[in-house]
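Next, two complexes with subunit A in common: one pairs it with subunit B, the other with subunit C.
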Partner chain A sequence: MIAADKLCYRSKLRYVNAGEKFWFSVLTMLFLILSRSLSMAVLVLLVNGLLTVKNGGIGLGSYLRLLSVPLVFLILSTLAVVVNVSKVPLDAYAVPVGAFYITGSRESLLFGMQLIGTAMASVSCLYFLSLHTTMTDILGVLEGLHCPRLLTELMLLIYRFIFVLMDTASAILISQKARLGHRNFKTSIRSFGWMGAGLLMKAFQRSNALYDAMESRCYAGSIRVLREQRSVKPGEVGAIVCFELLLLGMTIGRKL
Partner chain B sequence: MKSGEKDVIIEARDLCYSYEEGGERALNYVNLKIERGRKVAFMGANGSGKSTFFLCCNGIFRPESGTLLFDGRPVEYTKQGLLDLRRRVGIVFQDPDNQLFLASVYQEISFGPMNLGMREEDVKREVEQVIEKLEITPFRERPAHALSGGQKKQVSIADVLVMHPEVVILDEPAAALDAKHAKIVREIVDKMAAEGITVLMATHNIDYALEWADEIVLMQEGRVLLQGDPVTVCRNQEALQMANQEPPAVLTLYKKLVEKGVLKQEGNVPRSLAQLGRYIDEQEQG
Partner chain C sequence: MSKKEKILLRATIAFAAMFALAPVANAMHIMEGYLPAAFCVAWGVVCLPFLVTGFISLKKKLNENRKSITLIAMSGAFIFVISSLKIPSVTGSCSHMTGTGLGAILFGPAAVSVLGIIVLLFQAVLLAHGGLTTLGANTFSMAVAGPLLSFGIYKLCSKCKVNRKTAVFLAAFLGDLFTYCVTSIQLAVAYPSEAGGVAASAVKFLGVFAPTQLPLAVIEGILTVVIVIGLETYAKPELKAIGFLKGAK
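The block that comes next holds the complex of A and B.
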């Protein structure tokens, strides 16, 4: 999460209108899930990879590393679909183990591939959004979509104070380590508990102080701020519309 | 206002406040007057009531007894009255992480004027102006958590200045800043003072207070121990001691130089080391 946050402030696509990026990711993901087509998944993965690395200026290495995080989970969960234990060998492969076979059918193998493909491509869509759009901009889009204010305001505060919380936690951790609070497992457990308690207290203090500070600037119950709008570029919109139409065509073609 | 009468912007009459009902008083009959356009340094030990008084000036704390007058009129603790007070009195809090609550610098600065119900175009213009004026442009696109301490301080001052307050209160603005950023902050403070804004500043740096302030307020245990011009206050050893302060280096040095006959005591007492240096040069030549 922190890695993604750092990258998005450096992305060259950061100043592209957030709405464009949002609809691109969401629509693409929608078509992926509707169609479950492996070819579409490959296409989307390539397009997103190209956009992220080439246009966004994010290093291929760090992009692949980020993609590999969900890959492990996906492979583990897909194993359940692809690998069966059965007395009868199935058509794709069969490894005899005693009286049983570790085996799988062609159908389930294909299904597994589709699952991984679709999921990875969907992840790449979400990455596209989060690696090139700052949280502030995403919130702007959500507000534009009339997402309840309570939710967006909470997200806004959480996003800002996650970093303060982490700073505080790491300061506490350092101060504990300096006093041998993590000398062994037992002290570590205890120190961790104290840290939790300490963080809770700090959070209360901070929220009080924050409320005072907000009131001092005439806060009256709703957080109203000015959004910086990035202009919508017709060329970009055109490209997105064409791409989504292509995906729509592929989805319909598959369902017919 | 009659001529000869002082133009008092903030006046406290027997102001009392305690954080818990029946608990120890954080403010214990505070009486003071602050004139418009002055630079006032608030000094005193930790917990002597400086921050509590500041929060009263902005209407965050309502005094349990006594009166606070702003611009000659008692503060009204109604929605409109508080809004009015808070528009005219801005506070820059000590810890910027308690003040900056938005991830974007631009949005952060726009919060105050949006709350005042200004039109969006006007807010935009004001925000751009203050970003320009406080030299925030180089980091305006960065998220709040990626700013340095000094940059956060600049943004928190911009937060307040964008609302065009008549009084700006700064709670230890240079605490925890390196010399370079402390200087930037002080330059900004001097700029506001030059524009006629009344500046109240809590500080533990007595050398700076002596040099900068028009007036020093010494606080101790929730009351005003001494209020007066910086030289008078800084020469009052007894009061300084009671407020946990050391006398300024320049005064100690000046006193010693006069005692030893190196300098003749004439004219004004120097208020900064630079000024003392000039005195020495002048006496050598003349």
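The block that comes next holds the complex of A and C.
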């Protein structure tokens, strides 16, 4: 149902220490948005693509499909950055419309390219984290960062419940479709709404039963999961540190 | 469907058909890596007081009744699921609800702020809607600003004795619109236009996203009304348990 969640259990990089993957993704992202450098974006896209497809064993097709998820947002908002309406024409292009020009400067075109590049590279970092790390491992990292207990507990529960509710929702939708409930726009609006109501009702009923079940197994405010300890490998850490230092160098080099 | 609903529905269809070009309309999550670092941090800081308030109120609720933890978690999962499902549309495009209006009406803005950041985090990691660096900005627009306005409108309408369905519709519809405006302004402040500055840039962002967001807001409003009607019909005890429907029998 959720592609990233399915894939991460199959990834060959799943058993690499979660902290390593987390810091690699987050630091790389940070340098990307600090530098906005196209060359760095290309480098990161290549490295992440190689790591994900070759080392991680995720299919190239599904990786590219996943990468295209935020494309619409990217195209629309970059359009808004690059295109101007003004009385004075700017240097890159200018299309006169009445008294105004639809225009843009070379600088902003270049900036738009940098924005697209670094944003896509950042998305590849996000996918590097989510395609190779299970949610429970990410929660483990968050706990290590002293995220409040209540929050991680809620996240753990919500994560589990998402799949329960997804199952229920898709079952309801399928049976609605079998009864022609999504025949046209009008019926599908109605069916979707009733599905939502039914889903919330089911969720509440389940939550009561679940609490009773948890309490009868001695639940006292936290579910303790036995975390599989994946040792930190010095070679991997060394490679990550070198890569991040390179990115840091590129960032500083650009600012000078 | 009642007569009013029918009229509402026809209006939406006409309205949505006007924008039949829109191919894919995700809810307005600012994508990963799109905002400059300073803005990522700043929006995160702006969200903090709301998150802390929400956190404290959740904690209080749990101290009163420990049993409500599964209820709160289920509510969070519900918001995630409802916002990750494809909603019906006239054009066959793929769009999603934000679920913020519904969440704010049912669970209150304080709880929604904390549930919202968790849901947004999951959306970023599992679905690549939004991102880690833009989590702060997205939380502000979708889990703080939108729900607060929705909740305010809903309360105001109930005070003025406006009929509940209208109140729910207005709350969800305007909450969605407000989220879209806030996101556009967030983008505009980060990327002011070369000609005309922040204001011109805001107009551009609003214009670019209007074709996808306006019909979506109407559909979201209608869906929220239908969901609330369904809940009122079948789930009165559950609604009372979360404090919605106080005086109702």
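As a working rule, the second predicted complex is superposed on the first by the 233 of 256 C-alpha atoms of A that agree within 3 Å, B and C clash if a C-alpha of one lies under 4 Å from a C-alpha of the other, contacts with A are read in each partner's own complex, and residues count from 1 in each chain.
Please note the rule applied: contacts are C-beta pairs under 8 Å (C-beta built on N, C-alpha and C of every residue); 3 or more make two chains touch, one makes a residue touch a chain.
Just so it is clear, the model here is predicted, and its values are computed rather than measured.
**Student:** Contact-wise, after the overlay, does A:226 reach subunit B, subunit C, both or neither (first, second, both, neither)?
**Tutor:** first
**Student:** Should A:189 be classified as contacting the first partner (subunit B), the second (subunit C), both, or neither?
**Tutor:** second
**Student:** On the A-aligned overlay, A:79 touches which partner chain: subunit B = first, subunit C = second, or both, or neither?
**Tutor:** Second partner only, subunit C.
**Student:** On subunit A, which partner's contacts cover more residues, subunit B's or subunit C's?
**Tutor:** Subunit A has more residues touched by C than by the other partner.
**Student:** Looking at A:69 after the superposition, I want to know if it touches subunit B, subunit C, both of them or none. Which is it: first, second, both, neither?
**Tutor:** second
**Student:** Taking the superposition on A as described, I'd like to know which of subunit B and subunit C A:136 touches: first, second, both or neither.
**Tutor:** After superposing on A, A:136 lies in contact with subunit B but is clear of subunit C.
**Student:** After superposition on the shared chain, which partner residues are touched by A:218: those of subunit B (first), subunit C (second), both, or neither?
**Tutor:** A:218: touches subunit B, not subunit C.
**Student:** Identify the partner contact of A:34: answer first if only subunit B is touched, second if only subunit C is, both if each is, neither if none is.
**Tutor:** In the superposed model, A:34 contacts subunit C only, not subunit B.
**Student:** Taking the superposition on A as described, I'd like to know which of subunit B and subunit C A:9 touches: first, second, both or neither.
**Tutor:** first
**Student:** With the two structures laid over each other on chain A, which partner does A:200 touch: subunit B (first), subunit C (second), both, or neither?
**Tutor:** second
**Student:** Where on subunit A do the contacts from subunit B and from subunit C line up?
**Tutor:** In the superposed arrangement, which is not itself an observed complex, subunit A uses residues 5, 135, 157, 159, 161, 164, 206, 210, 214 for both subunit B and subunit C.
**Student:** Considering only the defined contacts, which subunit B positions touch subunit A in the complex?
**Tutor:** So the residues of subunit B touching subunit A come out as 55, 58, 60, 83, 86-87, 90-91, 93, 95, 97-104, 106-108, 110-112, 114-116, 120, 123-124, 127, 141-146, 159-160, 163.
**Student:** Hey, which residues of subunit C end up touching subunit A in the complex?
**Tutor:** 1, 9, 13, 23-26, 28-37, 40, 55, 58-59, 62, 66-67, 69-78, 80-82, 84-85, 87-90, 102, 106, 114-115, 118-119, 121-122, 124-129, 131-133, 187, 191, 193-196, 200-201, 204-205, 207-209, 219, 222-223, 225-231, 233-235, 238, 241-242
**Student:** Okay, in this complex, where on subunit A does subunit C touch?
**Tutor:** Per the stated touch rule, the residues are 2, 4-5, 25-26, 29-30, 32-34, 36, 66, 69-70, 72-74, 76-77, 79-81, 83-88, 90, 103-105, 107-108, 115, 118-123, 125-127, 129-130, 135, 138, 148, 150-151, 153-155, 157-159, 161-162, 164-166, 169, 173, 182, 185-186, 188-194, 196-201, 203-208, 210-211, 214, 221.
**Student:** Can you list the subunit A residues touching subunit B in their complex?
**Tutor:** 5, 9, 134-136, 156-157, 159-161, 163-164, 206, 209-210, 212-220, 223-228
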